[in-house]
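Structure incoming, see below.
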Amino acid sequence: MNFLIENTDTIIFIMEIIGTIAFASSGALTAVRQRMDIFGVNVLGIITAVGGGCIRDLIIGRTPPVMFIRPIYALTALVTCNVIFILLYIKRNLLTTTTHLMTVYEKLMQLLDAIGLGIFTVTGISTGMDTPYSANLFLVVFLGVITGVGGGVLRDILAAQKPYILVKHVYACASLSGALVCALLWPLGSIPAMWLGAFSVIAIRILAMIFHWNLPRLKNME
Amino acid sequence: MNFLIENTDTIIFIMEIIGTIAFASSGALTAVRQRMDIFGVNVLGIITAVGGGCIRDLIIGRTPPVMFIRPIYALTALVTCNVIFILLYIKRNLLTTTTHLMTVYEKLMQLLDAIGLGIFTVTGISTGMDTPYSANLFLVVFLGVITGVGGGVLRDILAAQKPYILVKHVYACASLSGALVCALLWPLGSIPAMWLGAFSVIAIRILAMIFHWNLPRLKNME
Amino acid sequence: MNFLIENTDTIIFIMEIIGTIAFASSGALTAVRQRMDIFGVNVLGIITAVGGGCIRDLIIGRTPPVMFIRPIYALTALVTCNVIFILLYIKRNLLTTTTHLMTVYEKLMQLLDAIGLGIFTVTGISTGMDTPYSANLFLVVFLGVITGVGGGVLRDILAAQKPYILVKHVYACASLSGALVCALLWPLGSIPAMWLGAFSVIAIRILAMIFHWNLPRLKNME
C-alpha cells in the first residue's frame, strides 16, 4: 500500500502506457477487420489511444491538447500499431486458424483494455481537478468518462460502426462508476482517490466480462 | 404581446426546457430503435439535447461549454430519457400494437421538436451577439443553425445513420431562415428579433410537415 | 522560379480557391450520390472545403476559426455546390449516360483535389508555424495533415461512410509526406518550403493515381 502511494507517478505512467498499448491495439485490430491499409491502421490506433484525452482538453480549452505536448503516448500507440500490423502481415493466418491463440489474445486485450479504461478515467478526473472548475462535479465526472471512453467512440465513428459503448456491455458505466468514486473521494487525498477509482473501473469491467453483465434494453422494436 | 416581452426570460427558459425534452426524446427513441441499452439511451438523449450548444461554445472558444456551467438542461434530458425508457420497458408493446397512440405521440414530438429547433436557433444567435464577433453575420447565423441542428447531427452520427437534416424535410432550412430573421432584426431590439426568429422556424417546420414540403434533390443516381 | 516567389501570396490564394472548388465539388457529388437534397449538397460541400481548417483552428485554440473571419472560402464552396447541383438538375442524365464525359470530369476532379490537398497541407503547416508551438514538429505536421484531409473525413462521417483516407489510395500519406517536407525545410525559407511541400503532395497523388499505388493491407480477415 505504501509502495503504491510512494511510487504513484511512476506506476500511473506505466499503467497509462499499458492503457495506451491496449487502446491502440483495439483501434488497430478494428482497422484490420475493416480492411484498412497500414496508414488507416495507424490512424485508428492512435486516435483510439489519445482521442479521449484530446476531446477532454478541447472541452476545458486546453489548447493544443496534451497529446501534442507530450508525444510519448502517440508514439507508443504508433509503435504498437506497426508491431501488430507487421506480425499479422507475416503470419496472416494467425487470425483465422489458430482459434485458441486468438481467444487467449482477446482475453488479454480485454484485461489490458480494462486497465486502460480505469487509468484514463482517473487521469481525466485529475485533469478536471486542476482546472478552476474542480467544484463542478458534473464537469469533472464528465471529463473522467470522456477521457476513458472518447477514444473508443471516435474509433467506432471512423469505422462507421455504432459506438460499442452505446450498444454492449457494462463499459461506459464502469467508467462512470469509477469517475464518481474518484471525484467523491478526492477531498480525502488525490492519490488514494485515483487508485480506488481506477480499481473500481477495472473490477466492474472484469466482473461484467466474467458474468456477462449487460444493462437492460428494449427488444422487438421496429 | 406585452406579456411576451415582459416575461421573455421566463418564457424563453420554459421553451428551452420544452425543446430540451423534445430533443432528448428524439435521441432516446433513436437509441431504443437501435437496440441500445439504458446507458446508450441516456447518452444519445443528452447529446441530442445539449450537443448543438456544445459545438457552438467550442467554436467561439467559450470553455467549458455552458452545458457544464448550467447543468439544468442535461439534467432535464436525463430525466426525460429515463422516463421514456421506463415507460417503454413496462409497456413494451406500446411501440408495436397501439398504432393510433404512436401516431398521436409522434405528431406531438414533431411539434415539440419544432419548438425546440426554433428556441435553440435564436438562443444561438443571442450567444453570438454576446461575442466580439456580433457584426459577423455569417458567424452569428452559423451559431444559430448549429445550436439548433447540431445535437441532431451528433445523434445521427453516433447512431451510424446519415444525418436526418441532410436527407429529409425542410429542417435545417427552417433553422437557417429563422436565424437570418433573428440576426437581421436584432438591431431593432433583441427580444422581438428572438420571438420573430423562433416563430419563423416553428411556422416553417409545421407548414413543411403539413404540406410535406421537401427540397429538390436529384434522382436515379448511382 | 522568381515569378513563383514574388507572387507567392497571390498564387497561393488562387490555388487555395482551386482547392476549395475541388473539395467542395467532391463533397457536393458525395451528397448527390447519397440522394441528399440541395441543402445537404451545400452543407456537405462547404464542410468538405473548410472543415479541415476548422478542426486545425480548434486544436490550436484559434476561435472562432478562420473560416468565419474570412468567409471567401465558404462562399466559394457555396457557389460551387449550387452550380454543380443546378447543372446536374438540368441535365440529370449527365451522370448516367455520357460515360466518357464523366471519366474526363472525374480525372479533372482528382487533379484539382490533388492541388487542394497540397495547398491545404502547406497552409496548415504555415498556420502551425505562426503559433508559439512552431518547434513542435509533431504538432505542426499534424496541423498540416488535418488541414489537408480533415474536410474529407468529416464529409465521409456525415455521409455515414468509412473515411476514404483510411480505406483507399495513397492519400493521407501524400499529405503526410508533403507536410514533413514543408516543415523540415521551413528554416531554409517559408516560401520555398511551402512550394516544395505542396509539389510533393501533388506529385505523389498524381503518381499514385497513374500507377494505382496502394499501401499494404491484410486480406481475408473476418
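Per-chain numbering from 1; labels A, B and C assigned in written order.
By our rule, a contact is a pair of C-beta atoms (placed from the backbone, for glycine too) under 8 Å apart; a residue touches a chain by one contact, two chains touch by 3 or more.
Here the structure is a predicted model, which means the values were calculated and not measured.
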Could you work out the angle of the rotation that brings the CA atoms of subunit A onto the matching CA atoms of subunit C, rounded to the nearest 5 degrees? 120
Determine whether subunit B and subunit C, two copies of the same sequence, contact each other through the same residue numbers or different ones, counting it as same when over half of the numbers at the interface appear on both sides. different
How many angstrom between the C-alpha centroids of subunit C and subunit B? 31
Touching two or more other chains in subunit B are residues 58, 61, 157, 160
Under the stated contact criterion, what part of subunit C meets subunit B in this complex? 31-40, 43-44, 58, 61, 63-65, 68-69, 71, 74, 85, 88-89, 92, 95-96, 157-160
Once bound in the complex, which stretches of subunit A touch subunit B? 58-61, 131, 133, 136, 138-139, 142, 153, 157, 160-163, 165-168, 172-173, 214-222
